[in-house]
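Heads up, the next two complexes both have chain A, just with different partners, chain B and then chain C.
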Partner chain A sequence: MATLVHRKTDWTGIVLAVVLTLVIVFPLIVVGTWAFTNVWRYPSVIPQEFGLRFWYQTLARADVWTSITTSLTLATTVTGISALICLPAAYAFARMDFPGRDILFFSFLAGHAFPKFGLLVAIAGIFLQLNLIGTFWGVVLIQLVGTLLFMIWIPVAAFQSVDRRMEEAARDVGAGPFRVFWSITLPQAGPTIAAAVLLSFVGTFYETEGAWLIGAPQVRTLPVLMISFINNQPVIQYGAVLSVLLWVPSFIALMFARRVVNSGSFARGFGG
Partner chain B sequence: MTTIDSGHIAPVQAERRRPYGLLLVAAPVLLVVWLIIWPIISAVITTLWVQTPEGSEFSTGTYQFFFSDGYSLSNLSVTLWTTGVCAILLLLICLPIALYLRFSDSKVAGYVQGLAIFPMFVPSIILSFAFIRVLGPNGTVDLLANAMGLPKIRSPYLTAWGPVIGLVWDNIPLTVLILLSGLGNVSNQAIEAARDVGARKLQVLWYIILPRIGNSVLVAISFAVLGIFSSFTLPYVLGPAAPEMMGPFMQRTFRELFDPRNAITQAVITFGFCIVFGLFYVRSVAKNRTP
Partner chain C sequence: MSVLKIKDVSKIFANGTVRAVDNFSLDVADGELVCLLGPSGSGKSTLLRMVGGFERPTSGLMIINGEDITHVPPEKRPTGMVFQSHALWTHMNVFKNLAFGLKLRKVAPDEIKRRVEGVLDLVGLGGYGTRHVAQLSGGQQQRVALARSLVLEPKILLLDEPFASLDQHLRERLREEVRDIQQRLKITTLFVTHGQDEALSMADRIVVMRDGKTEQIDRPDIVYREPQTPFVAGFIGTMNLIEGTVSNGIFSKAGYSTPLPVSDGPAILAVRPEALDLTVANDNAQGKVHRVTDYGTHGLVDLELLDSTRVKAMVSHPDLFRAGQGVRLAPKAIAAYRDNAVIHRA
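Now for the complex of A and B:
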């Protein structure tokens, strides 16, 4: 972007950078410090003793392991089912014409016209009659709904950006439809689809509200366990260690998604 | 998260019209109908038609209760207050950041943009924990104040300002991105032309920039309002026990008071308050998707 302001020192930028560092990075550093602290008593500004003692203690807790297993199983199941039903649908939206194609394509936006937690309560009302409250599959269903929009819209864009002439050329030399899909379409659309699957996995892993409303206390994911640590756990380090553990998937997503997020098309996808 | 790419759904040639495409899209479409559209219709019906021994009959009883119950009304008003304050704060914080990012190409700008987007990669539950460790009782701010011989702060934890701070923090990235995307439509020529005729910075902002990004501002506000009005995690963890925001209120009515009818009534009322923002937001997203 071209500059309109020519100044030697970018004071606005420096002020913004300092303020944002204090407000956004500093609190996270505090949490990170707590996770590697054995003793930190008020009013010392720095911890009296650093160490890994609370990592051993946190990782020795049965509830932490149950939650890790539950979260990973849930996120894998939801992402798997979502990919299974959404990717063929995305291919159909991108490549085929059928009655009601446009309205069905935009129907996935329906959930975004309503405040999310209100919608979850309305769904919970349906689940109550079906005895799905407090069950694994109830949580799977409610989290599955949350993945539909971007598991369809992102792959549709990916399939549309595949070079059709290459597909036709392959067909001309005698390749069957599956061969064309496997050797031409998939390699081109693959990276974008992989990003959608990754985002879906990470988004499901952190989904808290549906899991809390439908699943708790029987189905306890890591974020749900974290809420109970915040509310009832006097040992601060347990929450800090769990925060660091919880952040790992987000960190992986950060590594992959930075370029996508910084591009302008991402904001346009949100209506910007 | 919604979607990444603004590719459009292009028309397909007529000879490729294959109705069996419907079969491929059936599963996700049926899920949307069953778990989004039907629950909304069902929520309105079950709260308005009451089952009586003689059959069902129309009644607005739960709505009358909500709007005459002092506790429900104070929850609603604290929700409206939080949403309003957050929307104003978000604009006041994010507009300067977006303006700076649009009109600067110094090295610092890249760092500022990275920081402004970073909260997107911090789950709100970790944010809540960090908030309590920093601003809570005996938190880091208290430690530093004490070390400098200052009195302890009045902690915003468990007050109405707790959720406000958390929600603003959480919503900064998308607000900045949406505003920045809108500022992309403001041409440098328009601004230079205004400068040439002697317009000052504030005049440029007011007469040139703001009218051109009005739509983006509305989209950013709509998105924030939809997210904040029925937010659950941050108000539940950081907010006061009473009055509570609609999210925790609905959850408690549903799971702890075992009163799904009133919980669903509260949900329908949140739909009513957000419907304008919701329709506007969805229309903007759809418009970007089709050329």
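Now for the complex of A and C:
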């Protein structure tokens, strides 16, 4: 029997796919191409000469390697300290009742409710008096502020979504409060908390305004270095090479995220 | 000998106005299954959670095997609780769910394996140890939850509406299974439910609760046949409760009257539908048929007294009755209540 059913062409889907490709993938392809280009002059559609010349030039610079180390150390330190401060706080917000709880909870939004640069300049003024300008720990402090929102709000949602009955069942079979937290609450909230940690690591790694305002010129992170490259020498390839370099950590982070976090927990983290 | 003794226990919640449990006392004998039965908000779950240690009594004593456990935390009590939501740990497989409590008790690994497998067999889930909780059906999850408590051999098993989230068929089957297991292990059990069927079919004794207080504690058949308050009468099974007055030994209500040898005053007459005979009457009708429902094995006649008070009667030949017909009522067994107590039973 002849098949009378034709698969209908989904034009809306095709249009969406094309638009998404143009908006998301195209710029990435352009930057990726520039990074491996030696010569690319108007009006050629593809580069005249591919090559790794600018990679050698970029990676030969000592300041690039210093900034990579600085960026990784900073992001790890900030995320670590943020977890130490925020996770117990998140647990308290989720599970305990204390005066001013709601106001305190919403105050973490305040850092994101104003134009950030104004806030940073004000903090920089204070840091100047405390001799924190141009120091590693000064940058750590300023970047900590940026992570608070993620590291409080998402884990609070994670802890709140853990079924209290599960914890009670653990108490019932003989686990003390600490054991319950370790064996039940944390594993239940774990994937969502991992998402928050990941977001704050990546967020810190790419943070530029605070790092530049507080750290420059002594402490230079990779994104800050990239900005100065682009400002000082308008050679597109330098920026492109650094962009590709900057993709690496977030790419690794996302691969890790795919293993640890399933979409359900991510959604739960955002109260979904 | 009583294993569990609850003595004058009250629970007032933090805001100070809600008395969830009000001066409650109960003795549960070794191996007995006692059902706490009541509508939602009657305090039955709160009472069970106090026995489990998840709520602290505001006053009163809880004694298990002669030991005062009123202020002992849940992890140190010899009780095992099965929650309505199952509360299985979804990040562990079935075996780990059951082994967790045994590990905390430092039981040797091969002994853990032996006991876990033994209990899984008991609840009909042999070979399911490596399954993940999410792969199980609702009934299987409930069995795992029961096994998780049983594997620790608690002195008292606490069941908090364990079948509420299951469908009717499964509920009936699990109810029989749980009763079988309970009798085989002779484990003292406290069972919370708002379903009278569950209570009547499973319990050795039923505690009917209302507003945190005991209405009646008795064997299921006695609770059914001889309810001590109008509330119990109305809550267990179907009961016609007719409010009227007694004068000179005659109870009357809107054209209906029947002899009731008690002193004059208000009274509530209680008649089960199966204890009410109906006869068709064109003259001197005491009520009017409103609706007839044929259930195959029997029929149910909804009728109205002259003031529209609704009364139900069970009949063996529903085809004899039609809506609008006049009927006379002849109760075979009645009880009468006044001031929340029985004043007459015949």
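One rule holds in what follows: the second predicted complex is superposed on the first by the 213 of 272 C-alpha atoms of A that agree within 3 Å, B and C clash if a C-alpha of one lies under 4 Å from a C-alpha of the other, contacts with A are read in each partner's own complex, and residues count from 1 in each chain.
Methods note: a contact is a pair of C-beta atoms (placed from the backbone, for glycine too) under 8 Å apart; a residue touches a chain by one contact, two chains touch by 3 or more.
Please read these numbers as outputs of a predicted model, since none were measured by experiment.
Looking at the shared chain after the overlay, A:Leu109 reaches chain B, while chain C stays out of its contact range. The partner that reaches more residues of chain A, of the two candidates chain B and chain C, is B. Looking at the shared chain after the overlay, A:Phe98 reaches chain B, while chain C stays out of its contact range. In the superposition on chain A, A:Ala62 contacts neither chain B nor chain C. Once chain A of one complex is fitted onto chain A of the other, the partner contacts of A:Ser183 are limited to chain C, with no touch recorded for chain B.
Overlap of the chain B and chain C interfaces on chain A: none, as no residue is touched by both.
Across the complex, chain A is touched by residues 52-54, 73-76, 79-81, 83, 85, 87-91, 100-101, 104-105, 145, 148-149, 152 of chain C. By the touch rule above, chain A contacts chain C in their complex via residues 163, 165-166, 168-176, 179, 183-184, 187-188, 190.
On chain A, the positions that touch chain B within their shared complex are 1-5, 10, 12-14, 16-17, 20-21, 23-28, 30-31, 34, 42-45, 85-86, 88-89, 91-102, 104-119, 121-126, 128, 141-142, 144-145, 148-150, 152-154, 156-158, 160-161, 192, 195-196, 199, 203, 206, 208-209, 212-213, 216, 223, 226-227, 230-231, 236, 239-240, 243, 246-247, 250-251, 253-254, 257, 260-262, 264-272.
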